[in-house]
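Next up: the structures, one after another.
Heads up, the next two complexes both have chain A, just with different partners, chain B and then chain C.
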Partner chain A sequence: MIEERLLAGPDLSRGPESLASHMQRLGPPPSIGPALIDVVERSGLTGRGGAAFPVGAKWRAIARGHAEQPVVVVNGAEGEPQSLKDQVLMTARPHLVLDGAILAARALRTSRIAVVIGESKRAALTSISAALAERPEPELRHARIVMAPTRYVAGESSAVVHLAGSGIALPTTRPPSMHEAGVDGRPTLVQNVESLAHVAQIARFGAGWFGAGTVLITAVGAVSAPGVLEVGSGTSVREVFEAAGGTRDTRAILLGGYFGAWVGAAQAWDLPLDPVALRDRGLTLGCGVVGFLHDAGCGVCETARIMGYLASESSAQCGPCFFGLRALADATSRIGQRGSNTEDLVRLDRWSKEVAGRGACRHPDGAVMLLRSALAVFAEEFANHAPHWRAAPSQPRRIA
Partner chain B sequence: MVRASAPLTDQVLWYTTRGAGAVSLVLLTAVVGLGILSSLRFEATGWPRFLTAGLHRNLALVTLIFLGLHIVTAVVDPYTNLGWAAAVIPFSSYYRTFWLGLGTIAAELLAAIGITTLARGYIGPRTWKIVHWLAYAAWPIGVIHGLGTGTDAWSAWFFALTCACIALVGFAVVYRLGVSRDPLADPRAAFRAAVDRRPRP
Partner chain C sequence: MSAKAQLAIDRIRCDGHALCAELLPELVRLDDWGYPIIAPGPIPDHLLAHVQNAVTACPVLALALKRAEKPAR
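Moving on to the complex of A and B:
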């Protein structure tokens, strides 16, 4: 259920919490240094940018044996168009995020911090800039703010490293792994702002206190109060639906945003919103977006819209992504607009298998996972779709 | 016993060496041709792009098997008595030192391409690609090796086969040079410009 830890404190509508209020509520971040890595590892905290990678293990890989000072990149790019949780957190609780950044920097014995913020998120940008100026720590006062373009792939960690290093937000191929050579060739930690805010609390209250932890969820779609909720990890989809003012006529849920998967409502209601539990079920919490599709909505058209968006967001680095996603999006929208036809259904099945795993980065894999979940959940609609176009208004911006 | 069967064994090994060499030439030619096709992102109705890549990879593995057969049978053949060193160290063979050495070099270049492909996840696509360019050296060196030392080199059938292989790869290379335009170049440049946040001078 609703459990406010990161969002505890003054009402969110009152804007950024001041340093004075933050210090009064929580006190200064403890001076733990590298011992924090153990604590974070024991807490079991996983990254909240989407990949749910264990935070402690990531830090340990960077702390191990490099002569050069690492770089800590605070990732608030939030490329997922439906996600709001990073900007809400940065806007309302900037000092919690910055505590996490300074704790990470000191655990990795570095003074280099860069904060990456999506350039369209003006409130977050203002809040973080003001908060940095308030901080007494020299590492934070000298921290760089980097503005990320509003593109889907711009929040992906290699794109964030590329942006902070050379000024171009393009995903890059690996190796070299960013743990070894990231920003300016230095070992680099890229950590989502929510993960760092959790670190700020784990450092104060301990790994045992963290327990299962909480997750920030962005509830969107057929609910009367869409927005960001903080819930205990393992809270069911139904509880989030009710807390966001949902009614009963929802037929499917998009779990994990555009890199997630559709789940039929009947199967979804009791799913636990927990990064690890969902991964074990072959699903993903991703960046925490939970989208509710209304009974009157069309799964085929909605999927076609999202596929069109993801195709237009390909960075054109490789053929499987640029041509493959465009072909998949076109076939899906043909079914949406002109009705079901066998050729396109066969193509979707075959192409989606061929594209998976062939991209230079994971962008095509995420899009294909979404499409294949739609083909399973909306199997009947894909097979018997009448020509119509019924999708939510879209925000994609095409480049070519 | 040994004496009586030796001539037959010799002949079997010798024929296998020659046959496997010729088959390797044909297969390698097909692999190089398919590699060039996939670098051009070739596709047509009835020939989807993944077919090029899949054939390229599978035929490359078959090529390495025949090449292995070619080398092993040549070395173990008691008649030639080449020794394993000749298979590894170029120009170390007493027998047709130069022409055989070319074969050793070609085989090692191909082995490097195979190993870097298996290790692509570790070494990264850039290094992989640089090593893969060595195919343009390995193929002609292999062809010259075949013409220089091949027992069948100047027999009509092998000479015709070699000419056909040269014509095929030659055509593919000329074609590649002719249509060097990458279909991704324009969208890639557009995206790059859209996400470029370097300070303007």
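Moving on to the complex of A and C:
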């Protein structure tokens, strides 16, 4: 259920927490240095940007045997349009995020920190800039702030590295992997702001204290109080629905944002909102967006809208993504507008299998995962969708 | 060159010139937009010379022969 750790402290509506208040509440970040890598590894913390990769393992790969000073990139690009949790965290608890950044930098023995913030997140930018100026640590005083364009792929880690290094927010081909050659050719850690805020608490209270941890969730859709909630990891979808003021009948849940998956309500209610537990079920918590589709909503049309968005957000670098996602979005939208037809259903099935895995980044894979979940959950609707401009059958008109 | 070698495509460089599919139809087919889809699995030894030709012929140097790490698609 609701469990405020990252968001504990002064009311969120009071804006950024000052350094004085933060220090009074939590004290300064402990001087642990590289020993923190072990602690983070034992805590089992996974990355909260979407991929849920173990944070400790990522740090260890960078710390291992590089002569050059690494770069720590604090990722607050938050390209997912429905997600609010990173901007809420950066706005309200900037010092927790910066503690995580300095702890990461010292664990990796570097003084190079860059903070990437989505350009539309003005409050977060103001808060982080002011917070950086308040900090005594030289690494933070010299940290760079980089604005990321409001594009879906701008938060993807290779795009973040590309942006911080050369000002271009486009994904790049790997290898080289960024933990070997990222920003300015240096080994680079790209870590989501929520992950770093968790590190700031794990460093203070220990790996055992972290336990299952908490997750920041953005609840959206058919709820009366949408927004950001911090819940204990493993809290059920139903509990979040109730906490966000859900009352309407809900038929399906979009779990994990636009790179996530549709789940029918009956199967979704008891699912645990835990990055690892969901991954074990072939699902994803992604960046923590949980969307509720109410009973009257149309799964085909909602999916067509999202696919259209994802197609337009392709960075147009790789053919299979640029052409494939557009074609998939158009076919979904044709079924939505003109009604079901076998040709498009066959195309959706074939193209979605062909497109996955054929981009430099995972944009096409995420989009296809969403589409294939829709084809399964809304199978009947995809097969029997009526054209949307035809009125529902009415009484025959009486003539004379 | 062992049988564990794999064809890899730099998807950003690839512009769908399709010479690979022309020279190596055993391993490369094209999707509906003219971009290569690589057959899964290791490269049979008897095709290695043709693979080399295809790699050399790619006008944007997007095709490469790599030791298997992750399977290319």
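In this section, the second predicted complex is superposed on the first by the 387 of 400 C-alpha atoms of A that agree within 3 Å, B and C clash if a C-alpha of one lies under 4 Å from a C-alpha of the other, contacts with A are read in each partner's own complex, and residues count from 1 in each chain.
Just so we're on the same page, a contact is a pair of C-beta atoms (placed from the backbone, for glycine too) under 8 Å apart; a residue touches a chain by one contact, two chains touch by 3 or more.
Just so we're clear, the structure is a prediction, and the values are computed from it rather than from any experiment.
When both complexes are superposed on chain A, chain B and chain C occupy overlapping space and clash. Contacts of A:S166 after superposition on the shared chain: chain B is touched, whereas chain C is not.
When both complexes are overlaid on chain A, the residue A:G27 reaches neither chain B nor chain C. For chain A, the partner with contacts to more residues, out of chain B and chain C, is B.
In the superposition on chain A, A:P136 makes contact with neither chain B nor chain C. Within the superposed three-chain model, A:G282 lies out of touch with both chain B and chain C [touch as defined at top].
In the superposed pair of complexes, A:A327 makes contact with chain C only, with no contact to chain B. Of the two partner chains, chain C is the only one touched by A:G357; chain B is not. With both structures placed on the common chain, the touch criterion links A:Q317 to chain B and to chain C.
Stretch 114-122 is the one of chain B that runs into chain C, the other listed stretches 6-14, 96-104 or 114-122 having no clashing C-alpha atoms. Residues 173, 317-319, 354, 358, 360 of chain A touch chain B in one complex and chain C in the other. Within the complex formed with chain C, the chain A residues making contact are 171-173, 317-321, 323-324, 327, 351, 354-360. Those residues of chain B that touch chain A in the shared complex are 41, 48-50, 121-126, 183-184, 186-188, 190-192, 194-199.
Put simply, chain A touches chain B in their complex at residues 146-149, 151, 154, 159, 163, 166-170, 173-176, 314-319, 322, 354, 358, 360, 399-400. Chain contact summary for the complex, chain C toward chain A: residues 10-16, 31-35, 37, 73.
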